[in-house]
Amino acid sequence: MKIKAGIVGGAGYTGGEMLRILINHPAVDISFVLSNSNAGNLVSDVHTDLLGDTDLRFSAELSQDIDVLFLCVGHGDAKKFLLANEINPTIKIIDLSQDFRLKEHAGTAWVYGLPELNREKIRKAKYIANPGCFATCIQLALLPLAAKGLLKGEVHINATTGSTGAGQSLATTSHFSWRNNNLSVYKAFEHQHLNEIGESLRQLDGAFNSSLNFIPQRGDFTRGILAAIYTDCDLPAEEIEQLYEDYYAGHAFTHVSKKNIDLKQVVNTNKALVHVEKHGNKIFIVSIIDNLLKGASGQAVQNMNLLFGLEERQGLALKAAAF
Amino acid sequence: MKIKAGIVGGAGYTGGEMLRILINHPAVDISFVLSNSNAGNLVSDVHTDLLGDTDLRFSAELSQDIDVLFLCVGHGDAKKFLLANEINPTIKIIDLSQDFRLKEHAGTAWVYGLPELNREKIRKAKYIANPGCFATCIQLALLPLAAKGLLKGEVHINATTGSTGAGQSLATTSHFSWRNNNLSVYKAFEHQHLNEIGESLRQLDGAFNSSLNFIPQRGDFTRGILAAIYTDCDLPAEEIEQLYEDYYAGHAFTHVSKKNIDLKQVVNTNKALVHVEKHGNKIFIVSIIDNLLKGASGQAVQNMNLLFGLEERQGLALKAAAF
Amino acid sequence: MKIKAGIVGGAGYTGGEMLRILINHPAVDISFVLSNSNAGNLVSDVHTDLLGDTDLRFSAELSQDIDVLFLCVGHGDAKKFLLANEINPTIKIIDLSQDFRLKEHAGTAWVYGLPELNREKIRKAKYIANPGCFATCIQLALLPLAAKGLLKGEVHINATTGSTGAGQSLATTSHFSWRNNNLSVYKAFEHQHLNEIGESLRQLDGAFNSSLNFIPQRGDFTRGILAAIYTDCDLPAEEIEQLYEDYYAGHAFTHVSKKNIDLKQVVNTNKALVHVEKHGNKIFIVSIIDNLLKGASGQAVQNMNLLFGLEERQGLALKAAAF
Amino acid sequence: MKIKAGIVGGAGYTGGEMLRILINHPAVDISFVLSNSNAGNLVSDVHTDLLGDTDLRFSAELSQDIDVLFLCVGHGDAKKFLLANEINPTIKIIDLSQDFRLKEHAGTAWVYGLPELNREKIRKAKYIANPGCFATCIQLALLPLAAKGLLKGEVHINATTGSTGAGQSLATTSHFSWRNNNLSVYKAFEHQHLNEIGESLRQLDGAFNSSLNFIPQRGDFTRGILAAIYTDCDLPAEEIEQLYEDYYAGHAFTHVSKKNIDLKQVVNTNKALVHVEKHGNKIFIVSIIDNLLKGASGQAVQNMNLLFGLEERQGLALKAAAF
């Protein structure tokens, strides 16, 4: 019997990606896709690439006859939705917003859904707080170091994101005439994902107490995040390489590349690639993900697979765009 | 003594290009730049590339102490502006909107400002209706044929425009996530520029009576229009080449390329290039312009140069972006 | 038992797409990937997006222990390969080059592999000549008209292709500094695909005898073809719409969109979308495909599915890139 | 009387930009453009955007009847050229390669041509070693600090360059299909420009002895460099702002922006913009230039203006591409 899934907020970017994945997932039936503004309309009228793939329509009504509920709404709106709608306690929830990510929700049923950090907890969880896109990309670069207590000094992070990271709302910085062939910095040292990154690092290394200097950049591409990160580290190059290989050995989607990497190796997949180099006393890590997949909806489905005891890659063997 | 210029609607794309050209024009002083929404603000706060180049501020007040007024406002708004504001009759006006382009304004003081069609009339004109961007690109491909009465059959036109052609308003089709790497058709057979193109062709060839089949496309670049055009034509290849060379011989900005052309040869310049080939009984013409320059503000300044007896290229020897 | 597949020319663009599809195809095992220049190397060293997905290596040796052989080599090289290598007659062959597409190969075992034209013949075929990318896109726009004998006059075609259509060889026109934000025409009226298109139309309508005026353009995107096509047609709008709906009713990948379409609706999928409008006495058709998928490797796998009696969409339910 | 200029290596990117600038420079006549591979050909056959602007042809012969010689050749080739060709001692030379940038050439006639560092020396110089593009962008961010001895700790630099930075040679990483929508790191911690940057900083602050941690990135745009830089600094925000304002007060092309900046503010101009913020005990600087202009040919002309006592901005009031 298939898993019955509901989606709240199906008209946005992450809702669309959720639909693109789930309509081909062999173990899932989509029970409903909620969108107030689009109720009654064909899903393929909004996500026009789905024409010919599904006759599904948006609905206005939440049904409780489901096994899992994906919340694909804006930050703050997930909490509001759960306050306004009592969800049957047998239903598992995966929230893609930031509303339940921080440790202040520890002790509740919410688990931070980064499989490379919390896979076993996720398997037994009820509610999953799906990580942020920058947070995923940066943590995957740093977790092996934190796990060995090797993060001693300041961490220097520059990461560039595609335009879909800012959602589909119209803004000056999302106008094609502005963004095409452009590059800019925003929220330097102050990005909201710093909190969840810090908490994860401290989960692995209680003594972690260094600065995370994070410069986010807006890139002129639609999908993907590339993070370039370094910090002081005494470990020799070979041991570092081995450390990363070992840490990600059992993980289905995160791989260590011996060669230099470029963003398009992961675009339109749920994979993350990390590449590690040693320069003097510094370890330098490049980490790449697709912000909408491993950084959002793909990871949410990976979490669903873990929650329901499915093979982790089911429905997520996505063809890379490659070009 | 310099020409004193006023600009109405200085905060938009064509207003910005007007400013970029005029602040370096050796024969012009900018007297004011009107923008209701930005009155009092620095021009460089809106057109941020002008930081360091000008301390000009937007003003809210129209001054009549000018020699020329550029109207850089939306279609319909030029007419409204002139109804609401009586302009001193000594002031020449160049309107970039479509409000005064059609022949219904013939007999008035308005001249259609395509120098390759009307240069001598422009020199003596008082008011100039600056041509549309598609209209400029397409007419430059067809004028030499019309002038010789060679446009007998249907004309087939496919032309692709950059995103700045749609102005700076935010829209789904101007969102970077949508437009990047995308291509689409709009207003097939129904583009509003067909009227002004038809009138120009009939001005040269009163008998012109064929269909103009025009397919406009939205390209994923910011600047430029490339038109690919063909029609039946009996003239041999060499005569056609000569016809075009002769027609554009005295024109400063329109050149005939013997080799195939690509859009970036004219981007960020006021130039137009046309390339002509013969295939069987068909003449095939490729025509390229920068939609904001030869297709708007650059041509407006070219018209100003003609109106005031300046050398046609003054202030318009712009460095191509090239890449 | 799975179908054993061999790939010749696995290091190019179409070979890479073949691999991206087949490693996830539930009914296929890849037996070998031939590449002389890369023999012994990991496939993921060349197609670096496959890191973590496959440990396959390129081989230098052709094995005959396969069920199907994909030829992903350059035009002319498929013929040479088959002359130099005798292939076991039980092995089915799918050739992605143009070497066996034309009717001169009729009466041989080769069938032109456009399922929307030849599905039943393909099911029973031994050797498949996979159609060209432009040819696929343009034929899908015209087949319903040809099938009803409605192609009476000249057909006007403007189609723009992504950079992967030109393969991975380095050339001035494939240099990023040249192609980015650029647009150009090439091979106007003379593209080599005109022959295969003409033959298909005559297969459906023996009397077809009109000109196909085809203007190919180089776009500044990597994947996809958009064709904008029109011709004279007396049929009323509703009947045309119905004609297209009927023609593609049973086809898994080609769909008729009632709304205007844009290229990214099909990028990274095996789908084709067509949209039809009536303007005066003209029918106007927009047709879109991904040149590497429905225009090459995806269609090759679709043909394989048909050859082996599999469900046509198996292994081809690809997630659109969408953005 | 005009300055007579010769260009060696006129067929490359920087040679092309030199030509685009000099043909409009009111005080310069181009005497010859040397290109062995193109001798006899029209300049506009190679730099096709110059069609209609110049009838100049490439020549094979060096003439000594010039006032200034621009060397636009590859690294190493400038030295070779000067060894093979004795240049009349009255001729000033501006070399765009890295061959004479380092201090080992001190005491010779070569001056490092960064006007914001060496303007007075440049005025009196005979030979100018024009700075590297990354080096220019990064130094402009750091000079005011070095001048006050404020560079005490490690400096963290991430800078992304456009594709023209790598020249016009064809390479995998310059292929459109690879680079479009892509991002990657190269030469982390090891870029060759680190030497010239270090020397400039020590010229202003002999005690400067900190690490420059430099991560260069390849962006998917053609023109421009954006550098995001930070280091520890005790100075309060207002004093830092003032420090930068004061340092660049008299400089024609480098401006301090109070607001956040984006790359396209300087594309196709000779300007540099820097923006400074204070975050905790860190100073954060964003710096932008066009790599081919302020980072190469534009700065070379600026140096020529200084060498010949012209107004620094002559011929360099370039219209920004803006979009």
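So that you can tell them apart, the chains are marked A, B, C and D in the order they are listed, and the count of residues begins at 1 in each.
Operating definition for what follows: contacts are C-beta pairs under 8 Å (C-beta built on N, C-alpha and C of every residue); 3 or more make two chains touch, one makes a residue touch a chain.
Bear in mind the structure is a predicted one, so any value in this text is a computation, not a measurement.
> A-B versus B-D: which interface comes out with more C-beta contact pairs?
Counting C-beta pairs in contact, B-D comes out ahead.
> Among the chains here, which has the CA centroid at the largest distance from chain A's centroid?
Between chain A and the rest, the longest centre separation is with B.
> Taking each chain's centre as the mean of its CA atoms, how far is chain A from chain B in angstrom?
Chain centroid spacing, chain A to chain B, equals 46 Å.
> Roughly how far is chain B from chain D, going centre to centre by Cα mean, in whole Å?
34
> Which positions in chain D touch two or more other chains at once?
Expected reply: 13, 163-164, 177-178, 180-181, 220-223, 261-262, 264, 267, 323.
> Which residues of chain C touch chain D in their complex?
Per the stated touch rule, the residues are 13, 163-164, 168, 170-172, 174-181, 220-222.
> Touching chain A in the complex: which residues of chain C?
Listed in rising order, the residues are 13, 16-17, 20-21, 24, 45, 47-53, 162-164, 180-181, 222-223, 253, 255, 257, 259, 261-262, 264-269, 271, 273, 292, 317-323.
> Going by the contact rule at the top, pick out the chain D residues touching chain A in the complex.
Against chain A, the touching part of chain D is residues 156, 158, 160, 177-178, 180-186, 188-190, 213, 215, 217, 219-224, 226, 228, 230, 260-264, 267, 277, 279-280, 282, 284, 286, 323.
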